[in-house]
């Protein structure tokens, strides 16, 4: 516990998200929306960040993002569930469960093969969703507003606070995980699998654990996205372009810190909103150009912009 | 006034206060102008045949109303005196994106109302959000019956009748003109619109042409698939001679082009419930003898219909855009018309600029004269329109170098829509009790 | 030294297609014994080690460790029960600091699973690792990123990581290759004294005959997958077959042409 | 013919070579001796243009080729044989050998091939077999032949006798001897000089840290002069991080 | 029987355009080790260029057959211009970057090219049915088929043969083989690898564009057509083995025939089967059906 509160990142995350939740009550609704969408994507990106730490890039994480979103929608369709906790739990459990199953296969793959197999799995789900009428086919489903212990808040600002709380919790869990020996194993596996194996820890298990954690995060993200948006559909939740966007945000954000994905997610959401407003027919062009610019000029992502002053701050406090 | 609101918004953004307290409607008493989101496909396969003609239709009528140049009885300028300032939004990109865009329209741009939506899927997605945000929204084109049969909405209106009437009218037309058809199949898109259309058409056929056999493999390709080689083979191999389709966007053109080369239409009787846009865009390539509908007294079926409003609309449209007005042009224009009528009426009733609730009250159950027919908001507790639906047979006229539709029959709304409160598929399954044909 | 062998290898065979990499190899290693393995490149030394540590499955034959059959076991399980190895080219976590490298090794070695959930940089664990760094003389590199280490230091780290769990069998694959002449005895002294203290059996693959001669209790000579000699060092090195195949063409007056022998001249 | 002036080479921003220098004349065979990981391969790669040189200069026939792309160096007559042969397995031995001729556009291709078969008649025997069906030693010969195709002036050989049976190693020495007598310059990187020490005209020691003076005695009792040495970066790394996992098989193959 | 013939013909014609697109992708991957997401854009650009020019020239009164010339010209032009530009401006600077970064860069290019299409060609769909109409139809086993689709099968065969000849029978092919096997050995053997990369990328882009241009007459060319194609060709390439031409043939045949079978018998599974097979192949043979199996690293 002492190490938890002593961790600067943990403190930073707590303060940041608290401020964000409070600020939410003073911000206009459209900003609140964009921030929520951004946080939801950020949560999925946090999952990709954990995978990236172990050297893997999934080009099919929309599988879990979509699964989380559809869990929320289907829980409502089939069982009328609109409570936050079961919704979120459903999303996490379903995504984590499938992640656990597919993990047995995926943990054997690296590099491009890992990326392609992830893509195949996600597109198989996409294929099912798009073509099955009872799963909403291309339309998907509407998702009604979320209820918190029987209370349905009038404004979405309360929901933002809930989302912020979930994201802060996830960020801290990931931070603690990455600081643990198990978490350091992710980097160890990326650096040298053989050594990890010969030290007595099965590489497959390390990757599997990371993968399930990552799937759960993406599932939660999808669930939150569905709740924030009020709508799920295959093209905006499961198609490969969604996976591509998530990887894009991961690179844009940088893998340096658990807070980076959220910053990246929110920045992405605003870039997209403004790009769409500025040039409805060329917003993808703006997003694509941003992506290229980041790869060329900021290969370590936005976090590298924050890291320097942050480190300086740390030094001063020491 | 509007700019003041912008300033308030900006102020709220800056200080972080007030914004939630002051809704965009606040305590408004009078307005010089209103902002209305107009949503239509501006890109993608649905832009050419639906989105752009729809947007044009809206634009034409909005400009005319703002200027007060629309023929009587709509010759007063403005919407309750205010000028309408349209904000055009592209409907493409999927339902989730549209929901986000809707929120942006209302919460960021602060529009006073939203008109539009072509895709049934998008309508279904946007409706609950519109209700949540309490914003007057007039759906203009989409046809799924689920909107008002599965839900009860205060802020949503639809000035277009739902698809069940199209299907019943289609079955009636088949009964009246192709009564001896032995079997039928269909190709429809795999989302709300296509599925609903096929379901209600086959139910109606069961009722009106009971001896016609329904195929076991109707096709449901993905919307905007663009390529139908395999589907055409399956349909061609099917014994059924009548092929029903509710394709509407670029898909209908792609299908017709691909099927025509393969001689598909020589062996099959094709029935297209909404494909009229392709008649103009494909010209002589469009197969003669197709049963075509336009979902109301609109588009090519009323192109020649006289009357001051229709003549004005067709001529003004042709003059401004160099093309015939299509069905969607009428549909969007009608939605704008409904807004004007309701706002004017509310202003008259209450004196002064009406609030949103007053407009909604005025619009409820409205019955009004449109360009070539009449629309009654009779279903969905006064929120859902009904109107006659007609079909005809296509023919390319070599002399004029224009397509034409012959043998047109309109079926009255009393015949093809269920009574209020009755879900249409149940009504169809029960044999359409109370239908007056 | 106890009499019961800790590691028993019987009739081990391995072939890759037509290439035979191990031909009916049988070896017993007693606890605390240091066994040198020599052979030319491609003689099958590394294949032999890879089979014992479970990286390769033998085509035939069995490997018994402390009375249990461990043939075809996974490397991580082998390590877990106490069969560890170092590598010819050092295998360390390149992007991590030397300390973190050792911390991870220590964390894995401490058998309790829950310890993996504790923060890696646990104070007690750091103290433990610093002691190891001291012992191997790489304390000064504690916070250096592993990729910036010299080959010698990297090698030491590699061996230190292999030895963290105090294995009962330690396989050292060319521990002094890539290490400067001055360092090689230091490394070997540290490693061998640690293993003698813990009673670890060491299998030592080496090209450097001086090292073999000095540290091994017994030497196995391999040629083309076959064990051709198994005897005390002096005896093996004197064997004419070994001299011909492994040590080099026996030209007494040309012996200085071999760099390894000239280097300490 | 070849002069390397104090070159520095980094790989992934890790210094591999520092101030490395060497020179070689036509008809000379020069050994570059050092342990695994000392930087021998990097040195050869730098001369071939495969590793970029941060500072320093490489000249060939007094022309600066420091920044020249590899294909230009091949055109000048420099041939390279990598340590692990790297023949294209699906192509025949002859196709492998003639690759440089096609790519560089050598005009007298046929003559060159005939000359190679003349020097190494054994390669002619299996010229139509796919490289994948050749034994390790045969592959080594093909790799040498391939290096000769472009390299009619200077040969860069990385561990030519590594993993080769003694008989073949002796044969390899013979071939190199012939080539040397034909006037080729030959630079051999070896960790084990056993098989060609007596052919070497000069030796360069490459080892991390300080330079060692290392007189080497010939069979006939003469001494090979140590012409110079290459100081190599102090912090020579234990390898490039990327593929730690590929190297386990080590000398098993 | 009729159905089987229909499935075969539908499957084959679908396979053939998939093959043409995928072979470009697989060549680029094989030689340059780049998984090019922007390949979908080449397809879209090819289709747009062909549809636009066919419409334009038809309107100017050129005969129908001129469409075939335009298809070829569009493919070559798109490949040469866009392919060259991308290789020169973007990829050239990226060869040293991480795989993910290159993949993402091509994703960025894809996004940009998607919108440039909108800006250049507008939002309305294009129809260029004239070449298809010209060739008419033929009746096979009771099903009327457009000759154009059958011609596509022929085109695919021609391209497969040309690729095979080029790779297996020409010096060029052998040089490519060396670069594919090992870029660095290629360099050392005097191959101008940069030039090889340019030619390869342009050739791959041309094939991608040709796939689009050739299929354009049979579909409505509208925004977003590249999105589905790119994953389909990924599936083809992965099933067959990345970098293998024979693999692209097998992959395209499998995807095309599976899809046709699904549409005829279980339309709901149309998309699912393709990706399920892709996943299955990856699980059993990660390197694809036609790539030589290599030892898996731990």
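Order of writing sets the labels: A, B, C, D and E. Residues in every chain begin at 1.
The rule is simple: contacts are C-beta pairs under 8 Å (C-beta built on N, C-alpha and C of every residue); 3 or more make two chains touch, one makes a residue touch a chain.
Model, not experiment: these values are computed from the prediction.
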**Request:** Compute the centre of every chain as the mean of its C-alpha atoms, then state which one is farthest from the centre of subunit E.
**Result:** C
**Message:** If I rank D-E and A-E by number of C-beta contact pairs, which comes first?
**Reply:** A-E
**Prompt:** Which chain has its C-alpha centroid at the greatest distance from the C-alpha centroid of subunit A?
**Reply:** D
**Prompt:** If you average the Cα atoms of subunit A and of subunit C to get two centres, how far apart are those centres in Å?
**Reply:** 44
**Request:** Round to the nearest whole Å and give the separation of the Cα centres of subunit A and subunit B.
**Result:** 38
**Prompt:** What is the distance, in whole Å, between the centres of subunit B and subunit C, each centre taken as the mean of its C-alpha atoms?
**Reply:** 78
**Asked** Can you give the whole-Å distance between the Cα centres of subunit C and subunit E?
**Response** 52
**Request:** Note the residues in subunit D that touch 2 or more other chains, in rising order.
**Result:** 241, 244-245, 248
**Prompt:** Out of subunit E, which residues touch more than one other chain, so two or more?
**Reply:** 118, 123, 267-268, 270-271, 297-298
**Fill in**
Check: subunit A positions touching at least 2 other chains come out as 130-131, 191-195, 197, 203, 281
**Message:** Per the contact definition, I'd like the list of subunit A residues that touch subunit B in the complex.
**Reply:** 23, 25-31, 33, 37, 130-131, 133, 137-140, 142, 144-145, 155, 157, 229-233, 235-237, 273, 276-277, 280-281
**Request:** Please give the residue numbers of subunit A that touch subunit E in the complex, ascending.
**Result:** 57, 59, 105, 108-113, 115-117, 119-121, 123-124, 126-128, 130-132, 193-194, 197, 203, 239-241, 244, 247-248, 251, 281-285, 287-292, 295-296, 299
**Message:** Under the stated contact criterion, what part of subunit E meets subunit D in this complex?
**Reply:** 171, 174-175, 177-178, 181-182, 184-192, 194, 297-298
**Fill in**
Residue set of subunit B touching subunit A in the complex reads 9, 12-13, 15-17, 19-20, 42-43, 89-90, 93-97, 99-101, 103-104, 107-108, 120-121, 124-125, 127-129, 132, 189-192, 195, 220, 222-223
**Message:** List the residues on subunit D that touch subunit E in their complex, please.
**Reply:** 48-50, 69-71, 73-75, 80, 82, 86, 88-91, 95, 99-100, 102-104, 146, 150, 245-246, 248
